[in-house]
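A short write-up of the structure that comes next.
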Amino acid sequence: DSGTLKKVRDSGSITLGIRESSYPLSYLDDKQQPVGYHIDVCKHIVDAVKARLKLPALKVHHQAVTSQNRIPLVANGTVDLECGSTTNNEARQKQVAFAPTTFVTNVRMAVKKASGIQSLSQLGGKPVATTTGTTSVQLMRAHEKGKGIDFKEVYGKDHADAFLMLETDRAVAFVMDDNLLAGLIVSSKSPADYAIVGEVLNVEPIAIMLRKDDPAFKKLVDEAVTGLMKSGELDKLYARWFMSPIPPKNVSMNFPMSEQLKALIKAPSDAPAESFNKK
Amino acid sequence: MNYHWNWGIFLEPVKSGDETYLDWLITGLGWTLAVSLTAWLLALTIGIAVGALRTTPSRLLVGLGNVWVELFRNVPLLVQMFLWFFVVPEFLPRDWSLWVKQEMPAKEFVTAAICLGLFTSARIAEQVRAGVGSLPRGQRDAALALGLTLPQAYRQVILPQALRIVIPPLTSEFMNVFKNSSVAFAIGVLELTFQARQMQEDSEQGIETYLAVTLLYFICAFTANRGMAWIEARTRVPGLIARSG
Amino acid sequence: MIEIRNVSKWYGHTQVLANASTHVAKGEVVVVCGPSGSGKSTLIKCVNGLEAFTQGTITVDGISVGDPKTDLPKLRARVGMVFQHFELFPHMNVLQNLALAQVKVLGRSQEEAATRGEALLDRVGLRAHAAKFPGQLSGGQQQRVAIARALAMDPICMLFDEPTSALDPEMIGEVLDVMVELAQEGMTMMCVTHEMGFARRVARRVVFMDHGEIVEDAPTGAFFDAPASARAKAFLSRILHH
Amino acid sequence: MIEIRNVSKWYGHTQVLANASTHVAKGEVVVVCGPSGSGKSTLIKCVNGLEAFTQGTITVDGISVGDPKTDLPKLRARVGMVFQHFELFPHMNVLQNLALAQVKVLGRSQEEAATRGEALLDRVGLRAHAAKFPGQLSGGQQQRVAIARALAMDPICMLFDEPTSALDPEMIGEVLDVMVELAQEGMTMMCVTHEMGFARRVARRVVFMDHGEIVEDAPTGAFFDAPASARAKAFLSRILHH
Amino acid sequence: MGEFDFSVWGPSLPFIRDGLLFTLRLTLVAMSGGIVIGTLLALARLSPIVPLARLAGAYVDLMRSIPLVLVILWFFLVIPYITGSPVGAETSAIITFTAFEAAFYCEIMRSGIQSVPRGQLNAAHALGLGRAQSMIHVILPQALRNMLPVLLTQTIVLFQDTSLVYAIGAKDMLKAADVVGKNYNRPVEMIVLSALIYFAICFSLSLAVKQLQKRVAIIR
């Protein structure tokens, strides 16, 4: 073995990168333990590593990562598997490798139902919230319906803050990945007040991230993930996290699997976002 | 290092738009300077006033000054930023609250500058008080004995000396303002840290981005340091060895 | 000119002035002496209201210092004061030191103030140093500037608080010379000092303090030749001993 | 005991000692005086190597101070020094001040050091103050402790740099008394001081300095009665004037 | 958001406590390590060996010119390349804060050393004490006493700055509060709670500093 597998064998431990509020892919529950769909996927990968290395007592560490530091931390060896909500795109593929896509998100917007907003074209002159470091506003500008419309952008330092902008009327819409919007809405004070509406601004394949140029490890991860897909285990995990009550509030997101993901489960792929959004 | 370097990234156009990443960083630098300098002016004005109040014979004024300082220096800036932005407007009457939240021009900038300004003012007040305290008491007596009123004594005699004495700590504080302004991204000011996050997300060249931003902050702080050194040299009094401590 | 009647002062529980009474008539020079901590500085600072006192009355030229209605800055502008550590304003040059209060308090123009300042610098022999900063002068020169600064306000009387005790021995003479000259011109002066030679030459009376009390208040000759109290006797022997 | 031969010293381009030569024999007391800035402190600090000098030689008890091979700490431990501002260590009590160098330099035990310290405190009349901190003592008391601290090292000679000039006039006597006593017991002493009464009483010779030069080096009587140089004459008249 | 609901404070307490313990541990370690290293740096800056003084000066200036958040981030990214193996966020935080605060404590100790009158060093030398002995027994104890209030004030700043470890995902008090706030969707209430806790601790500390100042101040 070389690369990650050697490192894991030598240190007797593997480090998973986790996100703290990427509902329901990877987040902290009410005991502040990492849980979520991607955490479960990673557990299966770790099992595969244990089996491969014959190390049943392999220690698993968790390292919280942010969208700022996740790539350098994977590159510098702090994190072996990033089990968060990272979009697989061409630029990132220069830095890191991805497991086959396990989730597909659509960038849309959340609004208060009472506002009556249904489309990008209704946002002229209105404040629109998004999260610092994400590129949703650029996507809006780039979208044909968004062309020529003058948005006022407001930024939250994380998704919760950005949602707070919508909640406190600092913004009329919050543009973000739809699973995250759905997660924020179900855990909000009055979920019935919000709706996810409007055009799909971008389709993004989300996948587990690992170090680049480590074919042995990549192969192991790929096999573990495709194994999950083939065995139908991934569908169960999906149902567990998207269609049934989840912590901390024990409500269900009711977020059925998209056609794109169904297709990807039949034909696993680690193709980047660009191949989904060809104009 | 398992990293794909690309130093040309700064001149490349951003993913969606006609700007380059360099343009983003320059915009960020502009807002960083705007927030920092506005906050610094606010902090100096209030800090000197509050610091001076705390050295007056009036117990009431001293007490008010103390409350001010303790209030603003005992809570982390990040938390204060959040409180100013999300909590304070909720206590305003509904119309005002909505105005502040939606209509107020450059509301993130205004909030960040005020918050950073007040936070820094508490530290300046503390230094000014120490500076005044380190002057021999005789200076105040001498000014009063000549018939100057207490405000005149402060204006003409006490503050000019105290401020000269506290230039070194003020220098650090000025450098801190630039560094602390990075917290303003938390409420969505489009300053350097904000642009850095944006750029690294958009370009995936995080290390180059953060190196560039670190360098820019360093330049800001260093310029602030040199600027204060220049002021210190300009205001140096021949034959006066700073009596500090 | 200066009337001190039954003045007492406490800092918390410690009494620093105990029922002190004395006076300085117009044109008179009175020297105050006594051991360290006996309350000399406190007493003299009460005269122009730099220290508040707890009981008693002090009047200067008929104006009561302790009266809350008195305009203290105005009173102080008419009473010159010279301190042990000179207390020139170190960030202003000599002429600016002399001009500041003339302009801000008396409302003189800058030119008037400068002219008056230069005349006084001439008088204390420091005309050439007008543009220097205090830190560039010797102690004796600084103290002479401080005297000039007080005189620039045309005071009706002068208070001195150990004006020579922070000076190198060779500079004491130059400051005392200026003070002797002032006294001979008829300035009303109240001086805290241990320079007994000076006291003998120009003081009408000597006030001896100990523990906040005025123990002795006697004509100069009588004080030196036959101090009435044992305390004054012991004090004199200590400071004249060497 | 102390031999100073042709010593010169420059700070950058300013010369602060110019070819100074003098000596102090065993058991002799020499007083050094002169105007402020004339180099008195610099000269006396050269004697125990606190200041380096540029040219010339100084030997103490036959050991050359300027020689790079000399163990300066060891030499200094044998030369007592007393400063204008006492320089007691403010964070230690009186007895600890006396014990520190005895323990760390001479290697005495704490008990030995304390016993010796107490004996010396007795001698300067401060036994009762052993447990106090310097800040709780008057200036005169502090200076007596400083003398005791130097004596605790059993020095072969003592250097004094204006030991009384930071004191209130009434405290000067108590310090001079201790110094006179030391002199009478035969301690070798080199004293920078302006206390001319002290000089007259115990000094064998007076050294007068001006601008870094030793202008006069004469037996005490001759110096006071008929100073040879105009500079010394002028200086004496300035400091004896009042 | 209208009405506030402070009932989330109850269930959050265990997490707040854990976060606070980390914050306190980080503060204590960084303070003690920072003061020791800072004192050594100060001695280096004041040393007559020019390259040593320059090097220490450059280190201090660099640290003082970069926002702490970025220093935290850099250390986290760079330490694995130095040590050869990755370190956890908490270890990294402790190393970073010690190294960063050392620069600030260095400046405090330097002015503390310079605030001791020069005569004290002369007096120590005149008694035969060597350089190191004079430093250890005479100068540093006074510098430390003179600067104690400033050192502690800096520690209060350090205590607040620990909130910036969010950048590398270590779980301090603010982070714990933040997570609870997100779980219960009561971010504002949790921020208010952490503000109160920070205020209570920092304010009591600064009162304690004032008391201490009276007690340890050298009687002059």
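For clarity, chains are labelled A, B, C, D and E in written order, and residue numbers in each chain start from 1.
We adopt the following convention: a contact is a pair of C-beta atoms (placed from the backbone, for glycine too) under 8 Å apart; a residue touches a chain by one contact, two chains touch by 3 or more.
What you see is a predicted model, and the numbers here were worked out from it, not measured in a lab.
*Asks:* If you apply the touch rule, which chains end up adjacent to both subunit C and subunit D?
*Replies:* Output, common partners of subunit C and subunit D: nil, no chain qualifies.
*Asks:* Please identify each chain that touches subunit D as well as subunit E.
*Replies:* none
*Asks:* Using the touch definition up top, find the fewest steps from subunit A to subunit C.
*Replies:* Shortest path length, in steps: 2.
*Asks:* Measuring between Cα centroids, which chain is at the maximum distance from subunit B?
*Replies:* Of all chains, D has its centre farthest from that of subunit B.
*Asks:* Computing the C-alpha centre of each chain, which chain sits at the greatest distance from subunit C?
*Replies:* Between subunit C and every other chain, the largest centroid distance is to A.
*Asks:* Rounded to a whole Å, what is the gap between the Cα centroids of subunit A and subunit E?
*Replies:* Measuring from centre to centre gives 36 Å for this pair.
*Asks:* Calculate how many whole Å lie between the centre of subunit A and the centre of subunit D, each centre taken as the average of the chain's C-alpha atoms.
*Replies:* 80
*Asks:* So, what's the distance in Å between the C-alpha centres of subunit E and subunit C?
*Replies:* Spacing between the chain centres: roughly 50 Å.
*Asks:* Roughly how many whole angstrom separate the Cα centroids of subunit B and subunit C?
*Replies:* Computed value for the inter-centroid distance: 46 Å.
*Asks:* Using the touch definition from the top, which residues of subunit A touch two or more other chains?
*Replies:* Counting only residues that touch two or more other chains, subunit A contributes 68-69, 72, 76-77, 161, 164, 168.
*Asks:* Which positions in subunit B touch two or more other chains at once?
*Replies:* Within subunit B, residues 1, 86, 90, 207 contact more than one other chain.
*Asks:* Out of subunit D, which residues touch more than one other chain, so two or more?
*Replies:* Residues: none.
*Asks:* Go ahead and list every pair of chains that touch.
*Replies:* Those chain pairs satisfying the definition are A-B, A-E, B-C, B-E, C-D, D-E.
*Asks:* Write out the stretch or stretches of subunit E touching subunit D in their complex.
*Replies:* Contacts found on subunit E: 117, 119-120, 122-130, 133, 137-138, 141-142, 145, 218-220.
*Asks:* What part of subunit B is in contact with subunit C in the complex they form?
*Replies:* 136, 138-139, 141-149, 152, 156-157, 160-161, 164, 237-241
*Asks:* Give every residue of subunit D touching subunit E within the complex, in rising order.
*Replies:* 45, 48, 50, 72-81, 83, 85, 87-91, 100-101, 104-106, 133-136, 149-150, 153
*Asks:* Within the complex, which stretch of subunit E touches subunit B?
*Replies:* 1-2, 61-62, 64-70, 73-74, 77, 81, 107, 111, 115, 146, 156, 160-161, 163-164, 174, 187-188, 191-192, 194-195, 198-199, 202-203, 206
*Asks:* Quick one: which bits of subunit B touch subunit E in the complex? Just the residue numbers, please.
*Replies:* Residues 1, 70-71, 73-80, 82-83, 86-87, 90, 172, 175, 179-180, 182-183, 193, 207, 210, 213-214, 217-218, 221-222, 225, 244-245 of subunit B touch subunit E in their complex.
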